[in-house]
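Here the chain labels run A, B, C, D, E and F in written order, and each chain numbers its own residues starting at 1.
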Amino acid sequence: MVSAHSADFVWRAGGAIALSAKAGHPVHVVCLSYGERGESQGLWRKEGMTIEKVKQAREDEARQAADILGAEITFYDMGDYPLTPDRAAADRLVEDMRRVQPGVILTHVERDPYNLDHCFAHELALRCRMVAQAAGHPSAHPPIGAPQVLCFEPHQPEQCHFKPDLLLDITEVFDLKRAAMAAMGGAQGHLVDYYTDLGTRRGVQYRRNGGVGAEHAEAYESIFPTVATAIV
Amino acid sequence: MVSAHSADFVWRAGGAIALSAKAGHPVHVVCLSYGERGESQGLWRKEGMTIEKVKQAREDEARQAADILGAEITFYDMGDYPLTPDRAAADRLVEDMRRVQPGVILTHVERDPYNLDHCFAHELALRCRMVAQAAGHPSAHPPIGAPQVLCFEPHQPEQCHFKPDLLLDITEVFDLKRAAMAAMGGAQGHLVDYYTDLGTRRGVQYRRNGGVGAEHAEAYESIFPTVATAIV
Amino acid sequence: MVSAHSADFVWRAGGAIALSAKAGHPVHVVCLSYGERGESQGLWRKEGMTIEKVKQAREDEARQAADILGAEITFYDMGDYPLTPDRAAADRLVEDMRRVQPGVILTHVERDPYNLDHCFAHELALRCRMVAQAAGHPSAHPPIGAPQVLCFEPHQPEQCHFKPDLLLDITEVFDLKRAAMAAMGGAQGHLVDYYTDLGTRRGVQYRRNGGVGAEHAEAYESIFPTVATAIV
Amino acid sequence: MVSAHSADFVWRAGGAIALSAKAGHPVHVVCLSYGERGESQGLWRKEGMTIEKVKQAREDEARQAADILGAEITFYDMGDYPLTPDRAAADRLVEDMRRVQPGVILTHVERDPYNLDHCFAHELALRCRMVAQAAGHPSAHPPIGAPQVLCFEPHQPEQCHFKPDLLLDITEVFDLKRAAMAAMGGAQGHLVDYYTDLGTRRGVQYRRNGGVGAEHAEAYESIFPTVATAIV
Amino acid sequence: MVSAHSADFVWRAGGAIALSAKAGHPVHVVCLSYGERGESQGLWRKEGMTIEKVKQAREDEARQAADILGAEITFYDMGDYPLTPDRAAADRLVEDMRRVQPGVILTHVERDPYNLDHCFAHELALRCRMVAQAAGHPSAHPPIGAPQVLCFEPHQPEQCHFKPDLLLDITEVFDLKRAAMAAMGGAQGHLVDYYTDLGTRRGVQYRRNGGVGAEHAEAYESIFPTVATAIV
Amino acid sequence: MVSAHSADFVWRAGGAIALSAKAGHPVHVVCLSYGERGESQGLWRKEGMTIEKVKQAREDEARQAADILGAEITFYDMGDYPLTPDRAAADRLVEDMRRVQPGVILTHVERDPYNLDHCFAHELALRCRMVAQAAGHPSAHPPIGAPQVLCFEPHQPEQCHFKPDLLLDITEVFDLKRAAMAAMGGAQGHLVDYYTDLGTRRGVQYRRNGGVGAEHAEAYESIFPTVATAIV
């Protein structure tokens, strides 16, 4: 999971993370940035704030949310608004992918005119996946396979050319997602209701697309074809 | 499975059909046309051919191929080059969908500038799926659910905006597909090698996208989002 | 406003209708179908239903909703699931456009794989607009100008390639929209909450795109370029 | 060349026609409609006009323009605004294609929200091309090969998703095109300057894309891949 | 207004600038480059030219054009062909946006295969808009709101995926635009007629899309949805 | 020809290169990288391999392949997986373009989610083409004209939005391409059959699109419109 800002993984993919963790798959979240500048307006309204205090507060919240969801979390501290390209960070992400050997990678969509940091995270994730596959890349860990890349839902999906091809039933872990969202409340509290409603909305669509019983769902778009041994 | 011409289901989806049949799922093939005009050049080269003889030959071949793959087959005889819209045929397809209650529907892609009969079949399949879902449609059978629609691969995929999102491992039934293709040989024998090579090519891609062990595959594009309860 | 089924205008464009009516612009709703087959599952669950009873119930509800919103309404009764192309109905729509001289036309999006009746309504609206513009079309009324065509939001927007370019603040008439939605409740009551939430969601986006104060909004996609004499 | 209305072939493809005719290739123009309703506003402003008089005037102008360009012309009289689908006309077009054995087919673009008759002409051209290729289609003439289909430029290209991939130098025949446009002046005289300017504009682009010496050009979009034996 | 090269703002958006200035809105033009290498072929044909002389000539012309249009102008001198990414320039643009608090931002389109400097300017404008919105970005000025971004017309619009959704009537300021274009004549004199014709062409389209009275227009494509309180 | 990795030019464009060389046009191949990390798995399986040995082996193979095809070859050694942006390399490519004055440039497609080095090569080729055209770019060689850019076929074309518009008959040089592919065998031997089958497949399509006699073909997508003085 490659998240541009420290909260993205909660709002957009908290259900998938909790679901996988609950099923016993280790989940690793990489936050490229703390989101200390662009997505912490709640904190900046408090008196006496400094960039370091905001970063610490964001880290604390994100760690707590990751704990609730059952994920390991790492912060790369690459700057925020804008995220800054950096060979060292890219190398670190490649090494983390090699170490973790992900079965699937979650990240942002390719295009988001509201937030180019998201585009940067997308490109970085694809680029590092490619490097991590290379037989000749020097590393203590073996090359990774060809994990699917799932893009989670951006804030204004239609403007980002987001076309979901996967609706994931997160009903059984929705209480965990809600708790994790609540933990992020200091900086972006107004989003909890927004993403709860979104979960309901995607749940309705889950049922309209042939699914059974979901009350809450998350939407994803796959970058690569899915491989399967049966079509039902 | 809604096939424009009597052979399309073999070349393009024979593997999926055989795989499902082998797994115990009943498979029903509807051939809207015998392909008697546009896709029977081999037969028309023979002396003394008439439209009825070609239709009979095409039906015989297609029945044999369906038998090999393990599918039930029905012919609507809607004309060929062009297929002709017809309310009665549409009603019949709705009724067949109601009777069969398909878990998934295979058909042509939306756009194919080489062959507008394929587009017609696509639209008819979507339209009849919609009608078959309607609570108020009068029928002896109950409404269908919301089956996925998978578009199989057109002859020149890039020109048809075909972007596969599903690669299906058909290795274990490829001998059946090959036999079914051979059964179609009278009219379009030159395609057997073409589609065998294509199966190999899609098999390579299956492995490049994280799959294991496939030698032959088929490619599909989904119309609707997939619903899932886990992301693996 | 060209609505495929008798309820579409309420869920998808009730706010725009009420807003225009309140501002003193006459609003005319054309329902091509009563939605008697495909979108009346609530009614069909009742005992003793017949197609005529369902059509009457749908007409009553739709008239009540149109009254609440302040619009005139006409029913073309073109059949449902599927809507059936019909030269007489097209001629009637052209004549209605000539009579009404619309400043803007609201209708469905071009593509909707879930519901091809919507696509049919879209194409019919564009085709009749073109004919109504023709100098040589015989009619008691003069040709229309070049009204914008605004597509309202489909049920699953991303699957329909819907990319809104207009967010409309409907806060001041949202109570009217809600009342009109409630009036449709007999057949599709489960949608009232869904579309209320959607209004809130589009309202959030309204504010995120530079708007002030909206609590509820509706989203539209324009077919033609907008003409303007200033860029603000 | 399949032209929806009697003048389209002049404005949009007059240069290509004159160029081919001048090079000794026979050019055949099929006008599906006289454009008697939608594109004859100049004529309808005259007193005492009837539909028959307008059709006659349009035919006279179009014949004169075709003469100037060096093309044979046929009128199908399929109605106008809207063009009306008709099996007999389709069969006639197939037969004309069989007889003519075109090396290339010029027609309208696939999508034009301003004018759905253009879309209809496009689809008809593709569908009839397919039928004319069919070995089993009964005809006195042999099947056609696989002629390229070139879409000429619509009035508002960007709104029609028109992306030209071919710029054709028409400098040496531009006087003929201008004369042919002048011949259409009765009904649509205001367009002569518009399309002269467009020719200049496409000429500038011709030079910007590596061409030499063109003062006037026309733009086309190909439906099928071009086949070539060299890339320079 | 973020212009890649010193002349782009004149050819492509001179009308919008003059119109806004005339209405009393301050207009600020940022030229990332003088266009000293790629768009000054007229100057380079003169004897004794050096890069500094060309830059000075370009600056003089651009200042004169800005004066005529009524805009303030700033030069970032970021190099030309190619523009070179530079954190300091990005920071400067953010600060300028903060200071100016733009109501709308004009810039290049996202994609232009002829000129990747234009793509760079587009991305820089979006990225800096995002940073200028961030609550935590350190600056003497407050965060900006959510100004619309309007992309002006590229030289070969269809190749750049440009689909205008806004046609702006610039008739009343066209004499100013023409004078400003004339002021740029030293380097790119051949473009004055080209862009005058383009203005006429877009003016025709303005009227074809329902506008009244425009003789000249400019075309724009919006990045974000427009917010409105009425649909007219 | 701008090739990301040392072997790309062989698999994807070997036919075009051999064809042009045979016709007497000089062909220049620029390999940005040796492909030493990501596309040399065959070599890395051997014992005692070092990055320098792999690079040398790749260079030897590529030189041999270029010799067979008849092309000059240059290695930029920009790193591999990922290729690293570098102003010096860009300047060198501009200078090489100025020196060579290419009639056409072959390179990778714009988008390839499997391999972002390919995207980087595409962008670099377009950017350097632009700079090489600039009148004011200092160089011993004159500006280039406006050469077409042809994108060759990526490994999984549909996932890369590849839509070929040019099919090139390479039958007469296919033995050379096969020999050149064989020369690359040390590192990627499994691809020879894959690309031979692909050549056959594109050959079938060549004939289906109106071409005569081709047994093997290559597919290309053009970035810019083609200029022509006749449409055949």
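By definition in this document, contacts are C-beta pairs under 8 Å (C-beta built on N, C-alpha and C of every residue); 3 or more make two chains touch, one makes a residue touch a chain.
Note that the structure is a prediction, hence the values are computed from the model and not measured.
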Interface residue identity across copies chain D, chain E - same or different by half: same
Computed distance of Cα centres, chain D from chain B, in Å: 36
Intercentroid distance (Cα basis), chain F paired with chain D, Å: 38
Per-residue overlap in chain E, given as positions that touch at least 2 other chains: 114, 159, 164, 205, 208, 219, 224-225
Interchain contacts, given as pairs of chains that touch: A-B, A-C, A-E, A-F, B-C, B-D, B-F, C-D, C-E, D-E, D-F, E-F
Contact set on chain D toward chain F in their complex: 16, 19-20, 23, 103-104, 145-148, 150, 164-169, 205-206, 208-211, 214, 217, 219-220, 222, 224-232
Chain B partner contacts - residues on chain F that touch it in the complex: 114, 155-159, 161-164, 194, 197-198, 200-201, 204-205, 208, 219
Residues on chain F engaged by chain A in the complex (per definition of touch): 36-38, 40-41, 44-45, 51, 54, 80-82, 84, 113-117, 159
Complex contacts: residues of chain F adjacent to chain E: 87, 90, 123, 126-127, 130-131, 133-138, 149, 223-225
